[in-house]
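You will see two complexes here that share chain A, one where it goes with chain B and one where it goes with chain C.
After this line comes the complex of A and B, so read on.
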């Protein structure tokens, strides 16, 4: 039987998964790409999930079922040992789709086991050797850098752009270009040009005095617009520049893992979080705490903490956050989302939070002039 | 009627800056510093899930008159009704120099009354509280469907939390139980005060609280004891949910519809004294006009904007609002699987606004 591969929708990173299969030379017609999730996606996902399962599970299940309906029969789901319930997404979803009467093969991509991961990916490739597979994967993690960078740029420029919608247009061009390049060297060269492209194309309002807000929380919710209800765009529309602190890089960045001199951000976050949570508590719990502290030290104004209802690691973080707020004076707005979250309440809370931060900042500044905004001072990588 | 206010303005605040988004989001401190003349009047309209409140303030931020009615799921009618009542109180020739809209229906309200400022109710409430008493350290607000806490230091809000996935511990919880016991919600608080022996009620979830209440009734506990138990359950819920880990200190301002309930006030006092958050009962303050604080807050915001921009004219539609025929129409857009519910607002059969689509293609 010919295999038609698919994978769940995963925010902007969906492009990356698509690229993996392209690099492995899976024929275009045998890659079933998930469409952006809609209300229906969430509905079928919730209908077929255990009630108390977390929302990312429901959404990714819905996304997979939609792809299976379109003819996919080989699912690649991310999972692995010991982080949180995410590790059992694949196996549980397999049972559910089996019960629904679909004959589908599941492959769990476990980033803890690089060799296994390589073998799994090789099995769908165009008869690639091990070396060819590694080369294909390398392109992916290099593109992941650029993808992260572009996301950060969007969330900066969209908050201060003069011509509304310009940033999104430029971003689309950048994405198209990025995913049309096949050579690693050229990707790296293009990566260096990306900030320049935005600077040249998007005119920013020099008089703007935007707040700087960091987004922390569970990775799937932080990245998937369907679940965070377009949080970044909402903040940008309120004249705020923001940045997510969670990235898939933590899992995919093999060179950084092998090089002891590279300090990855998630490690810095965990170190900062140590006085509050000493041990790895699963998911992104520790990172949420650490990022709050780091961004405060860098002079940011506030944080929004988004996580799915019933998420254990973020619940651990949530109970520590009030002490961090007390110790560092960094307000954190908790936003717990699930498939039933209403948009009106979400927007009201954001507006009020932004109002509060503005008053607070004005008071802290005590008449000192605002700092000049530029991508260079905003970016802390 | 919609003439520009020509009263003397506070110096320094009347700089000739053009009106921009930045100014609309002016700070509390600024807002508190701004003062208009006593013969300029500003209207605030707060349309929430449960109640519709209108308030008129003068240039010194004193309340002139107010109206508090139930929304009952029909915001347009309740705004029109509210305006009619207010018109009867102040007279048809009363001039309004600025209007603000707030509450969960603020977008719709803004259109109907012609608001100069449309802001969220949380900001409006904290502004009104700080205006009432600048010493407060904590604002606790329990509305119909949400509860929130705002921590204030030196007159500046520094932390803020609101309930997210659960509405146990809000006004609706009490409303539900009052309904079931067939006691008017207005009498609820007084009944609670009559008891000196609270019955423990499982208050984590509204539905289970009801089961537990039925059980306690069947065991033979008096209604007063049960009501006091309920009040304590609500307070416990609030302090454990939004109040968790927050540095609550006095003076505390208690507001929102639930603040009217003397039983709840009492339960808060006892609970906070027990937890040593406050030393004395007086540290919990219920503002005099607790029921229309949102409207007062947004009226202050409107005043702030008008005083800062002396050349601006108010958009206030006028006292004829009740006579205008407003209608809303909804339809489902089926162009993509999101199936958004798009809402159209019609004024005299002319579409004046449309919203609700995710992609924004229907918006005007």
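After this line comes the complex of A and C, so read on.
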């Protein structure tokens, strides 16, 4: 039986997953790419999921079912031995799709073990040797750096752009260019040019004096626009620049994992969080706390904490976050999302939060001059 | 006079350690108690769950926290008033390579530290085999770290640890029953609990009571379900009593193609054959405390040797949402005949509603016992699975 591979939709990273299969030389017609999730996707997903399961499970199931309906029969999903429920997505979704009558093969990838992950991916490749597949995947993690950078740039420029909509246009061009390049060297060269492209193309209002808000929370919700209801765009439209604090790098950045001199970003967060939550409690619980502290030290104004209803690690983090707010004076807006979250309520709360942050900033500043904003002062990597 | 003074002094010296009577306490009660007592500490338990515990716990926690965690916070609040030297809240993550507990257990000690005022120092050892590869030496470190808080004598610490291990093993042996006894019970030869109340000429119903140990053994949280079932003429076996080998067989099924239904005893296959039918190493239910829940449910759904299955779940428990789904879909797959009821418990569950549902379920079971099938009129959407929310 010919296998038609598919994978769940995952925000902007969907492009990356698509590229993985392209690099492994799976024929184009045998990759079923998920379309951006709609209301229907979420509905199918939550109809067939356990009621109390977390929302990312429901959305990814819906997205997978849509792909299976279009002819896919080989699913790539998360599996293995995890800490929270994220690692049983694959096994449980296998049982559910089997119950729905689909004959689908599942390859469950354990993201805690990068080498195992590579082996699993190799199995679909065009008879690649181990070295060939490492070379193919190397392009992916290099592209992942650029993808992260572009995301940060978008969320910065869109908040302060003068001509509305310009950033999105530039971003689309950058994405197209990035995923048309096949050579690693050229990707690396292009990576260095990306900030320049944005600087040249998008005119920004340097005296806008925008608020700086960080987004923390569960990785799927932070990255998937369908679940966070386009939170970044909403904040940008309110004249705020924002930045997400999670990245797929946590799992795929093999060179940083093998290099003892590089400290990965999530380890820095976890060290900061240690006084509050001592040990790894699954998901992004510790990172949420660490990022709050780190961004406060860098002079940011506030945080938005998004997590799916019934997420266990983020719930632990949220229980402690009021103390972090007390100790560091960093406001955090908790936002629980699920399949029934309404847009209007979401927007109102964001607007109120932004207004309150502005008042807080005025009080703290006490007549000090405003800073001129630029990408160089904003970026902290 | 002098002597009594000195004993009084010594008594005051005895350090007091508090255990909240919730969550992990129900799994490790014998171990923890005997360890701290052998170290020379005074063990202070919070009183059994009551309405006051619940109300205080609910006020203290976030809305979407699970019911059992809410009760845990209630117990801690009670302990704070008891003038303790330490409170014991281990950061327990996992004890086997491929198994983990609930992620909430790891952060519990920290959450207590930051949400409670006047909290005594927390003893919260971290143990995680799956993530940090902890093993024997980590245990030794934990034991001595805790031990030196209470005594300076290392031999006493070793003695306490050995005693704790022994008592833990005895407790586990006493809790579970062997396969032979279980067979006898399934054949209605013996009863496992006090004789249930039945009318003349009727035999007691046999029901498997499935749920987390900390839920079904908590009389308040489970609304005294055992007593209620006994009055309805039901004899129960609980999931914690089940023989381990039966549960492990069902777990193996779960990671096999087609639930391994082609083999009656999949664990007896050779490694090579087994590998052919396994779905891969990444397809495994790794929540340790769900094993008994899924295992028991699947065992009885498959073997059809008892009258019914009653699953008690606490609201918004994360791991249970997975095991419930496994059990339900397995029942659907094999078209199970044994009726299974899933009852959800939360802070707003009323006693009357619970009683009504138990009565309805036992009526269905009696109907099935006398006629052989469940009447069409009482069948649920999914056949013989009855899901009931309670609030």
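To be clear about the criterion, the second predicted complex is superposed on the first by the 378 of 381 C-alpha atoms of A that agree within 3 Å, B and C clash if a C-alpha of one lies under 4 Å from a C-alpha of the other, contacts with A are read in each partner's own complex, and residues count from 1 in each chain.
Everything below uses one rule, namely that a residue touches a chain if its C-beta (ideal position, glycine included) is under 8 Å from a C-beta of that chain, and two chains touch if they have at least 3 such contacts.
Here the structure is a predicted model, which is why all the values come from computation and not from measurement.
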Could you figure out whether chain B or chain C reaches more residues of chain A?
C
Return first, second, both or neither, reflecting whether A:323 touches chain B, chain C, both chains, or no partner chain.
both
Between chain B and chain C, whom does A:239 touch in the aligned arrangement: first, second, both, or neither?
first
Which partner does A:85 reach: the first (chain B), the second (chain C), both, or neither?
second
Could you look at A:41 and tell me whether it touches chain B, chain C, both or neither (first, second, both, neither)?
first
Quick check for you: in the superposed arrangement, does A:312 touch first (chain B), second (chain C), both or neither?
second
Of the partners chain B and chain C, which touch A:51 in the superposed model: first, second, both, neither?
second
For A:359, using the defined touch cut-off, is the partner it touches chain B, chain C, both, or neither? Pick first, second, both or neither.
first
So in the superposed three-chain picture, is A:336 touching just chain B, just chain C, both, or none of them (first/second/both/neither)?
both
Partner chain(s) touched by A:214 [first = chain B, second = chain C, both, neither]
neither
Do chain B and chain C land on any of the same chain A residues, and which?
309, 319, 322-323, 336
For a test of understanding, state which residues of chain A touch chain B in their complex under the given definition.
38-41, 209, 239, 309, 319, 321-323, 325-326, 329, 331, 333-336, 338, 341, 344-345, 348-349, 351-356, 358-360, 362-363
For the chain C and chain A complex, residues of the former touching the latter:
61-62, 64-65, 91, 93, 98-100, 102-104, 106-111, 114-115, 124, 126, 128, 130-131, 255, 279-287, 316-322, 324-326, 329, 332-333
Of chain B, residues touching chain A in the complex
21-22, 25, 27-29, 104, 119-123, 126, 146, 150, 154, 156-162, 164-165, 244-247, 336-339
Residues on chain A engaged by chain C in the complex (per definition of touch):
49-54, 79-85, 87-88, 90-92, 94-96, 98-99, 106-110, 120, 276-283, 285, 309-310, 312-313, 315-320, 322-323, 336
